[in-house]
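You will see subunit A twice below: alongside subunit B first, and alongside subunit C after that.
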Partner chain A sequence: MSGLVLAEVPFPPSVDDIFPPSLWESAPEWLTKFSLFLWLAVAVVLIYFLVSYRDPKIVPTKKQWLAESIYGFVREGVAKDVIGHEGLRFAPYLASLFCFILVGNIFSIVPLIQVSPNAHIAFPAVLALSTYGLYLYQGFKKHGFVGYLKHATVLPAPWFMQPLLLPIEALQAFILQPVTLALRLFANMFAGHMLLLVFTLGGFALLNAESLFLKPVALVSWAMTIALTFFELLIAALQAYVFTLLTANYLAGTLAEEH
Partner chain B sequence: MTLAAVSGSLAAVGYGLAAIGPGIGVGIIFASYIQSTARQPESAGLTRTYMFLGFAVVEALALLGIAFGFVFGK
Partner chain C sequence: MAGNQTPKQSGASGANEGWAAVGYLISGIAVWGFVGWLIDEWLNAGGIITGIGCVLGAAGGIYLVVKRLGA
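Let's look at the complex of A and B:
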């Protein structure tokens, strides 16, 4: 075993790996890596858009062009396409949601950070709650309280089907939609983090193996880590898009006139 | 009398089973998107939104499996 770097690593990784201690000894309990990177994500999005729009030109600079195309993508591709013309007033909310989730997700592959704040259920849960609050509010405003409950649960179907449909529709609109919205983002980021951990730590576990034939397999494991990192980039962008798309879709369902 | 015994976490086996359905579903969704785009290339932009919607909804099942595998894995 001489010459090999033997790292004592815990394998397999567990859920506890995702609960880091406070940043320093006397820091408050909530001040962990995650809250720090959450602020960093907010700061990155805020500062980028402020800086690129501080001095807008008619012929856009590169920074301005990127900022405009991100906003334009959400405005045209999500708000206008999914909700329709009246969806344009939600474009700022959707765009900030998209940018914030995208930056937060990409943290999962940035060296030295390597974990997304969204890998904790609390952060996606708050994002999903704000979407939930928004579409409930819009529904109550548009259809009235009873009107919206009816709009969300009663489908045009024969009366004898209603006892079956009502509970399903109510469950869907008031519980499943926000829960799956939060859970989807959380589980994707969490699973991605676990996947990278399994292959990285698995490489060390193989390297430490007794059998000489197992040691080179560690290289395969680390090559997989690199491949999966690129896959994670894809997932990060896709999940930010999906979250925004579903938010727009729920809003569209709420704002629709009749079925 | 025990015929067979499994040690360790059954959640891994359970997740494998749970991923079959979403796996097939996601495959069908992307296959249909490719097929519709091949038949009518100009509809690609129109159907892309629906592809991602369907993908997200189906994929949620597999992700519920992952989450519950960890939650009830003990």
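Let's look at the complex of A and C:
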């Protein structure tokens, strides 16, 4: 295999490639590509909302309209729809979550960045932990410690069913919910990144193949890359929405009155 | 893939319940399958009890789905 492009790309990629080195020689260990993109995502969201709300008009400008629609969408479509009127106080949290994850996810198809911070398990894990902490706190505050444990695990059923159901409910509420929340986002973004990588690098591998008949197939591979890039955009938006939605859903379950 | 899980009916509620239902089924099978496996290891029953545990767990999971999400 030859070719200038391939020389710089580690092929085949290994697990170590998802743990890139620091940005420059003397940079601290935590200052990697991923932490840089993380800050970039935070900055994009922060600056966009600050700028568009700096001088709010009654007849909104285009910028302000977009910012208002995003917030309105989360406030009405997620917070109010899923949790109910009580959910409005969580709208800022849900909206920040949605915007941050959306921008972070879209990084996976932005040229030159091309990897989402959410493709690294650490970042979705922290997001899921903050949701976990929030709904546990809300639950303990509303139902009391024992009250919440009961609320989350016991449901009206015949007594002989309870031993069968209790462990399932407990596992679901206290372990599976936060774990799957993080895993879903991570796995989707990681798989998307892998998919694009496979078809891009696969194109080069085919182009460098011995057989003359295989060379044109590289074009098919790159066409797939383009198609999957659009697909990745869909997944990016969808996963941001699903994460926000499930956060709201867990909060709704926590805040519900006795069933 | 998650691509085909776009909620169709009335915005949010569809996806919520889908995830919850899958979660109950899986956790049911996981919990009781694991308990069954432990007993299996203990009694050297050769996998029968793991199977029974999985089936019991699935039953419990379905019961929960019906109870929590049904009508």
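Quick note on the criterion: the second predicted complex is superposed on the first by the 245 of 259 C-alpha atoms of A that agree within 3 Å, B and C clash if a C-alpha of one lies under 4 Å from a C-alpha of the other, contacts with A are read in each partner's own complex, and residues count from 1 in each chain.
The rule is simple: a residue touches a chain if its C-beta (ideal position, glycine included) is under 8 Å from a C-beta of that chain, and two chains touch if they have at least 3 such contacts.
Keep in mind that this is a model prediction, so the values were computed, not measured.
Enquirer: Just to be sure I read the superposition right, which of the two partners does A:81 touch: subunit B = first, subunit C = second, or both, or neither?
Expert: Touch partners of A:81: subunit B and subunit C.
Enquirer: In the superposed arrangement, does A:246 touch subunit B (first), subunit C (second), both or neither?
Expert: Both: A:246 reaches subunit B and subunit C.
Enquirer: Mind working out whether A:97 is in touch with subunit B, subunit C, both or neither, as first, second, both or neither?
Expert: A:97 sits against neither subunit B nor subunit C.
Enquirer: Give one of first, second, both or neither to describe whether A:224 is in contact with subunit B, with subunit C, with both, or with none.
Expert: Touch status of A:224: no partner.
Enquirer: Have a look and say if subunit B or subunit C is in touch with more residues of subunit A.
Expert: C
Enquirer: Kindly classify A:161 by the partners it touches after superposition: subunit B alone (first), subunit C alone (second), both, or neither?
Expert: Once the two structures are laid over each other on A, A:161 reaches subunit C alone.
Enquirer: Thinking of the overlay built on chain A, is A:190 touched by subunit B (first), by subunit C (second), by both, or by neither?
Expert: A:190 sits against subunit B, while subunit C stays out of touch.
Enquirer: Touching subunit B and also subunit C: which subunit A residues?
Expert: In subunit A, positions 77, 81-82, 180, 184, 188, 191, 238, 242, 245-246, 249 sit in both the subunit B and subunit C interfaces.
Enquirer: Flag every residue of subunit A that touches subunit C in the complex, lowest number first.
Expert: Residues 77-78, 81-82, 155-157, 161, 164-165, 167-169, 171-172, 176-177, 180, 184, 188, 191, 231, 234-235, 238-239, 242, 245-246, 248-249 of subunit A touch subunit C in their complex.
Enquirer: What residues of subunit C sit close enough to touch subunit A in their complex?
Expert: 1-3, 5-6, 11-13, 15-16, 19-20, 23-24, 26-28, 30-32, 35, 56-57, 59-61, 63-64, 67-68
Enquirer: Per the contact definition, I'd like the list of subunit B residues that touch subunit A in the complex.
Expert: 49, 52-53, 55-57, 59-60, 63-64, 66-67, 70
Enquirer: Which bits of subunit A are touching subunit B when the two form their complex?
Expert: Listed in rising order, the residues are 15, 77, 81-82, 180, 183-184, 186-188, 190-191, 238, 241-242, 245-246, 249.
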